[in-house]
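Note that the chains are named A, B, C and D in the order they appear, and that numbering of residues resets to 1 at the start of each chain.
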């Protein structure tokens, strides 16, 4: 059942100790900062977090990592000029890292939402990141077997929601939102605007409301 | 290089004897009737056709089948009240049928466009349509290995194209268009309207022009 | 035929809800009433489409059609008919406020990824373990056609079957093992028939209610052991 | 070092196009000129982004950025800056008419499905067989980060590498076998360096042109056998 919450605290209440949490965004675009702040406030720990990066500077995901609330990161690009909190935890052996090529990350998230139990892709074949993985020669290329990434909760940011939970995004802030929404048992979207049912053109809906459980307006 | 053609005959000139041709549409919605008619005129034979159905009544794909131009159909639902031309050819042993559950058809076409060499899906497990196929227990379910369906040419129908080949569709006529456009070496789209570059909102483009080779305006 | 069932449970434990078998419309009304508010639902071609006539506005059910739409409205009439707006049975339909369109891979990903709460399907047979047979009679000269049946059967969280309990020859379609080619393994969770509603449970087939027959009479019609309510 | 190459082919067969090594901008101009009109192109982070400065309107090149856009325009300045519109390097960019946005799985499907004509990437090393190493120095204390490098390397129809030919220590980065961890196997088709343009061909590494060195001098810098033009 779709729910509209008044506060981000209520919106993230479903995240529990040990949850796998997908967090949308690529860099700052599409990052649900307010939901992440609420997660920080909420106190859930021992989290597995799926995000393209591993936090930047002293905000959002970086603070969650700094506070020791993230047991494991699944991401494609943890190392950035300002990823000092992740860097420190990683070097101290206090956080686990599953490094995934960005396209595999996206496709594995998509697979979870689409009910695909696994797939073969040429990406990563012959590299360190495919070590120990099953390989197969298909369509004239060596390919690597990859499995879906499911989550308990997805925290995403969209531009606008209607009363049915349909979402539209803005420019490159769309990035991981639509696929994470489909891959999690429970999807929480922070939006800038809530519009009446019928105000979004059905041709232009990007994430149908079936994938959204909780909506909170921020800002 | 994107090309705009004046006639449907020129638009389908790339289809050759022995080609695998994807044809968009579900029932009549989204069927590129004019392109199919041009294909009929053009004379290419020994075709493998990928479509959800196997032709209806005395038009379009049904006529292509009647004329003996289709060696093999890959589809999910050939048997309809008015699929008499397919029925006759099938009973006469003059056409090969690869029957594919509709979701596998869609996912296999999507896989071809996305560079996926194969995937596991629960659909069809334990049924006649999975006989002889590899199975594996994944995510708590028995799943069946399925492979991509590639095509030489896709013939699709869209509502509107811009000068970059970006496409938008109309209502449920969207169906197979976007995934077939990505799965074929060459994609031909018939559209009702061609608009200038910049006239489509980038947020609402459904098929980016990268997937489109040839556009022809009909009607 | 009913030895196991009648010996296994006390008879009469499943309520006889009506004195006569249910007609198609009454059955559709019953299925509609049982769908939880806010659900996303796919109604199969044929008898299951009748269910849409009995969904109430308060239930706020969103209908999915696998050719690429959520928020499908009633069948289109007159000037509403639009060849670009059809359902999975290729019947012109309408669009409700809050609808959305998507392509076939996205639509089937929605089904296959377990996002639909309920799908309602017709059937030739359902087995005691919830195997479904509804796509192929198995006749050697039949032209096979499957459409989205296997995806719906495998993907939806709950698969409800609507059918008459008996064939024209008086044989139960709820069977120990399907003899027709199956559509999906262990996928059916409920079976709505003119004579009873059956729940496919971990411990066996439970009879939730009967229509025009007693539990014992029902058990006598079938080879499947039955459990009460 | 150059025994194999100088003995294998006649020297001087690849034209010396300029008397001095090419600077980064001249190299970017050269790469830009070589991209076929109408191409869909992804430019990697760093040096490859310079290529965009030299693409002409007549070429009608469409730039892809893997975070979800086709039709990317120049870097945004002043009031154009929009935090929701960034490229894969997280730099604010602009949108050109005819652009489109899509989610990450669709964007990477576009790359991985072989739809991009060219991607231009930086590299630590390229092997004579076209293996690419550009994501990891292999240092034991390095924090690994890969981003979309492996998808680009594997997916684009043509992978062009732009790099200086030599390391700061004067060692060739075009090597018989990569010693750094690789990004992709046999994926590179051309290597643009300050000293020469190399084509990775079925029969070996061809030198298309040299800058500030002769073919023989070039061959003397490397352990890779070279073929002329």
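Of note:
Throughout what follows, contacts are C-beta pairs under 8 Å (C-beta built on N, C-alpha and C of every residue); 3 or more make two chains touch, one makes a residue touch a chain.
Keep in mind it's a predicted model, so treat the numbers as computed, not measured.
The minimum number of touch steps separating chain C from chain D is 2. Listed by label, the chains touching chain A and chain C alike are B.
Separating the CA-averaged centres of chain B and chain C is a span of 30 Å.
The mean-CA centres of chain B and chain D are about 35 angstrom from one another, to the nearest whole unit.
Shown for chain C are the residues in touch with two or more other chains, namely 69, 95, 101-102, 108-109, 111-112, 155.
Shown for chain A are the residues in touch with two or more other chains, namely 107, 110, 114-116, 121-122, 169-171, 202-203.
Checking each pair of chains for touch leaves A-B, A-C, A-D, B-C, B-D. By the touch criterion stated above, chain A contacts chain B in their complex at residues 107, 111, 114-122, 136, 138-139, 141, 143, 147-148, 150, 168-171, 201-204.
Contact residues of chain B toward chain D in the complex are 1-2, 110, 112-116, 162-164, 166, 182, 197-198, 200, 202-203, 205, 208-211. Against chain D, the residues of chain A that register as touching in their complex are 26-30, 52, 76-80, 86-87, 90-91, 97, 99-107, 109-110, 121-129, 142, 169-179, 206. By the touch criterion stated above, chain D contacts chain A in their complex at residues 65-69, 82-87, 90, 95, 101-105, 107-109, 111-112, 131, 136, 141-151, 154-155, 181-185. Those residues of chain D lying in contact with chain B across their complex are 37-38, 40, 62, 64, 69-71, 95, 97-102, 108-116, 155.
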